């Protein structure tokens, strides 16, 4: 294995196509804050599995198109090459590429919309990173969130598109209890909470993603599971909607918060773990609130709650939460700050 | 009186419990931008009076729990001690502690929610102060506003809570005129405008709060009354909802703007008073606009309009509005900027 | 012509009234990012023509009152004189002055509201420019947008006003297709797209505005037409609402983005033109999304989409898009950054 990895890296240094593919795969992995092409490959397999299982293989196509267009747009805009090679310009467009065919009906124009949207995601990544740099933060996946919200809300105004969010726009508190109850099948629910990071509803995909995390970082794999389980159980306790619970929809934002706050951006430890557990609860509350905000607009929260909660948790810069050492930084999303923006 | 005050300060220097109680009392006073434990004590009495008068004594309990949890969380997060002693980490959590039992129905889980919410308010205080520091501002009471909005909007998604805002979610302009007319009992209305700063509907409480202001700053007491009266009369002239008018709901944000802009953050004077009167009108318009924004979401504006209007008034940094001199700064909320964040 | 211009400039240096009128006229021109009193005069003629053509001459009155009050408020607040003379404190208030009589019913109190709103627009200009300065940006026309949104949403809460936006508050996707079809009369539509920058629905006014641009900058005139045509055709292709299309309502934001990004803030060129075409599409999508956001609130998007899209396009600071050289900067809205805020 390490031997193959070394050969792959060598290839990437000499062959532009391999370098591009490598940057794309790392881009997929950076969604869960990992810098590893194998992690990215396993996640693509997970997305593909989920797409086929749910009868929508075009979603895998959307992921690949979004990833390639977004990564290529970053090249055309001459972004910092080191950050680009780490996949830091791929992780938001790949999510836009998954979201568009998930939430819009299938027609040729959808693909043009997806291409424009993926390119816009890269421009928005550059713009928002420039904004957040002022506080020593990155925009995380918020460029994906913002761009996709804009594309979906714009689609409501165009006859040529139909928005499939199945979120009937309504007032908060109306018609909320009609969607069935939770069947207590906990482990698959926790795994679906992980697959939903990639808008995928499949416990098998969740398992493959955990594998993808394991090949790069055990702490990240552990905190992913803790995040999904913690937020799902809390949502269950407080009486959240059963149908959404079962699909893992209350887990995926906390998965990302837990990886970011507990494993990647701080040195794992007792105080950090306590802060992360608090962060998981905060992420769930922010997600529920954002659901209420977006209900009248008929759009989904996406990974917005993860971004908001993680900014709130990182901004205080507390003593038990040192910024990671230089070696660590080199491999994480945070390094985009120092170099390219 | 000054003798008791001196002995209390001496006690606080040597006894941790007295120091903690002192920081908590100052925290209550900092809601109205005062640094004085006696002011805080009088305001707690006012909140208690209002809670009992309205048959909801648990609101006083919520205030105390929120205040203690928020202040203790700040200690645990090792914030700057000097700012902490001035109550700068107590004033948002005490408001969260009042708001939760006011707007959610009574049940044991509500108290857990309140404790989590008060701790979150302190984290959000640290986060937002770090954001606003870039412009030489603090977040004022916005950490309370943001956290409480999140908690209330999240509660809409949980079966275990019922939101009692009595704001039937609706479109702006619908069913607005059904709520009765104003009875022209002006002075109690002005005083209720002051008590509503602490979400309390009682003219007696308003009077006690004015007393609390008087023991620390006559200018603040004067501008509190001017803010409440000015905004209420303007709302009356423009034809705002009579029932809300009578409860003082159009006064409390202007009370805070008037104290902040007219008495505490600038040296009182003619030009500053003119700017403050303009600020009172601005606060009312922002409050009315925010009411329209939040109507479809079924949540109250809280002190959001005060924060927005005051930021807009301070950002221009005009000639007639010098930042206060160092001695003054030492005792106001602004000092949080220089020291702890 | 140049002779008259020179004499006018001489007069302005010695006569305060001429200086004030000159600053006001430049203020009108700065809406479309031009620093030329003749451009401003022609645009005022265009606004007047549209007001009379649509039977609402009071709109011209509102424009003049807003312009004078906003410009005078800036003087009273002692802003940087050089920026003031370039009209940089007039362009937002003139738009507020047009918007208030357009969207509120006619009654004496409306004029007081307009005067307060124009003064507030200047305060908000100072405040938002201070915010955006941190990223080397200005607030463009966003002070007008924010202030007018606040005034309209506040008006919903006041019995004394009736909001005439004719945007029945509703959920996105509801009742959208009832408003008729487009009649393919393209050139007048493109010109109305330009006149709508000043909330005016008249192709004659659009033509006069193009003339006004031509006397100062051919590139600006060209990009104004490209922006209006591009966004209108894209909206037509994607199936946007026919009635709004015909009124030019999908063109005006792109007009401003195209002038700003294509002609004024970058040196015109091939790469910049490509980026501008992308920016026109981005502006349209942002406008459609903002329409969905604001539909439940019953208020119009105004020039919000131009501001948002242009910030997103400028923040990345890409290689092909150098900030303009010093001579250029001296005459554009950007110079407000360096000098006065």
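Here are some notes:
Each chain gets a letter, A, B and C, in the order it is written, and its residues are counted from 1.
FYI, a contact is a pair of C-beta atoms (placed from the backbone, for glycine too) under 8 Å apart; a residue touches a chain by one contact, two chains touch by 3 or more.
Quantities reported herein were computed from a predicted structural model and do not represent experimental measurements.
Between chain B and chain C, two chains of identical sequence, the interface residue sets overlap only in part, with shared numbers making up under half of the total. When chain A is fitted to chain C on its Cα atoms, the angle of the rotation, on a 0 to 180 scale and to the nearest 5, is 120 degrees. With centres defined as mean CA coordinates, chain C is found 37 Å away from chain B. Shown for chain C are the residues in touch with two or more other chains, namely 134, 296. Chain A contributes residues 134-135, 171-174, 176-177, 237-241, 278, 281-282, 284-293, 296, 311-313, 315-319 to its touches with chain B in the complex. Only residues 77-78, 109, 116, 119-120, 123-124, 126-128, 130-131, 134, 149-161, 163, 169-170, 296-298 of chain B touch chain A when the two sit together in their complex.
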